[in-house]
Amino acid sequence: MILARVVGTVVSSQKAQKIEGIRFLLLEKINPVTMEGKGDFVVSMDSVGAGVGEIVFYVSGSSARYTDVTEGKPSDSAVIAIVDFIEKDGKYTYEKNR
Amino acid sequence: MILARVVGTVVSSQKAQKIEGIRFLLLEKINPVTMEGKGDFVVSMDSVGAGVGEIVFYVSGSSARYTDVTEGKPSDSAVIAIVDFIEKDGKYTYEKNR
Amino acid sequence: MILARVVGTVVSSQKAQKIEGIRFLLLEKINPVTMEGKGDFVVSMDSVGAGVGEIVFYVSGSSARYTDVTEGKPSDSAVIAIVDFIEKDGKYTYEKNR
Amino acid sequence: MILARVVGTVVSSQKAQKIEGIRFLLLEKINPVTMEGKGDFVVSMDSVGAGVGEIVFYVSGSSARYTDVTEGKPSDSAVIAIVDFIEKDGKYTYEKNR
Amino acid sequence: MILARVVGTVVSSQKAQKIEGIRFLLLEKINPVTMEGKGDFVVSMDSVGAGVGEIVFYVSGSSARYTDVTEGKPSDSAVIAIVDFIEKDGKYTYEKNR
């Protein structure tokens, strides 16, 4: 899974029928040490109610169809966790509520 | 899913039988903040009637077989949505009808 | 799918039994605007009778097993189309018989 | 599979139900010759009891669901081995207990 | 499939039960024109008895589970062929027994 920040949303009215009703999040991949954005973006289907600004990780590939929201759907990216904290070498690089 | 602009089409008369009748779109990946093309191209099977110039997102990998058009076919990329707008940090970086 | 030029072949006598009798093409990925090679190569299983010099596109991942030639075989890349022409922004960047 | 060093952990309380109880390791990919980190990180599900500082390799894609811990779950990365040593061209580049 | 040189082995005593008894090869990807290593490494499961120094190609993703050795196992890379020769534009860039 890859760590990213939710930076926005993508809206489409003309789309494959199977993905109607799903929320498409715009994610920017981050460096989990500096927490800076990498300028690399992906559209991901939300399965956990993530909001703009939150740090999440998403799953790619066929496993993106293994959430309650995306089962059987044409998805290659799904947000599966909102991150509370990231610990690296004994130090927090990120804590959600600080 | 990855955001891209439809920039053209690819035509083939000698191809795997299973993919006959499918429209092959030439997509250029974009930076969804600047909306500029990245010079990185992919051939994607159309499942939504997308046209040249439109901003779309496509699904990769096995999930590219999960559309009505591509089911059971050798596809690793399918356009599944035409984008109406992209919102980043509260501002639109793209609106279709402007 | 990714556009590439067939630049050669790879021959192996000691290989997994399931892939005996398959032709292994050496492909060089191309920029479909300039038609120049990228110096990035992949070995792909031929399902359409492609020859050296031709422009093709190939399918990656599990979908590379969805051709008549590669079904049930350990393949992650299969050539599924020989390209006749590529059109970008209303102009041909490639025509096979010119 | 890709070689990496376990550098930390990622904690999430709001996540897909299926992945509750799984330990999320923060991995940094390494160059297995110099053993230096590449500054490239991935979140991986632990299936072998790996600890911070250990060299491991992880499996990506659908095969990340083929461990006892991750079966049927939305996982695209699972640690499947703690490395004892790496031998390159007849020399050890890494030995765990030295 | 990707061309690579077998440069070593990786040994692990603490690993997922399903992958016991499998040989883990350290591969370095090569440029098949210059035959030089790219400094990019992958751990691959051997299905053909490949030895250090040999040029091989390996299969990635779910298809890495489609060999006799790796069936049903958490593998995303399997060596499926030892290369005899590579021909590019009518010339050999590699011949095994020269």
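We just call them A, B, C, D and E in the order they show up, numbering each chain from 1.
Methods note: contacts are C-beta pairs under 8 Å (C-beta built on N, C-alpha and C of every residue); 3 or more make two chains touch, one makes a residue touch a chain.
Every value quoted in this text rests on a predicted model; they were computed, and no experiment measured them.
Asks: So which chains count as neighbours of both chain B and chain C?
Replies: Joint contacts: the list comes back empty.
Asks: Please decide if copies chain D and chain E contact each other with the same set of residue positions, more than half shared, or with different positions, and reply same or different.
Replies: Counting which numbers both chains contribute, under half are shared, so the two copies meet through different residues.
Asks: Between chain A and chain C, tell me the centre distance in angstrom, where each centre is the average of that chain's C-alpha atoms.
Replies: 33
Asks: Could you tell me the distance, in whole angstrom, between the mean C-alpha positions of chain A and chain D?
Replies: Inter-chain centre distance comes to 20 Å.
Asks: Give me the residues of chain A that touch two or more other chains.
Replies: In chain A, 60-62, 64 touch at least two other chains.
Asks: Beginning with chain D and continuing through chain E, what order do the ring chains follow?
Replies: D, E, C, B, A
Asks: Can you list the residues on chain B that touch chain C in the complex?
Replies: For chain B paired with chain C, touching residues are 7-19, 24, 26, 39, 41-44, 52, 60-62, 64-65, 72-77.
Asks: Which residues of chain E touch chain C once you look at their complex with the stated criterion?
Replies: Its residues touching chain C are 1-3, 31-33, 47-49, 57, 59-64, 66-68, 78, 80-90, 93.
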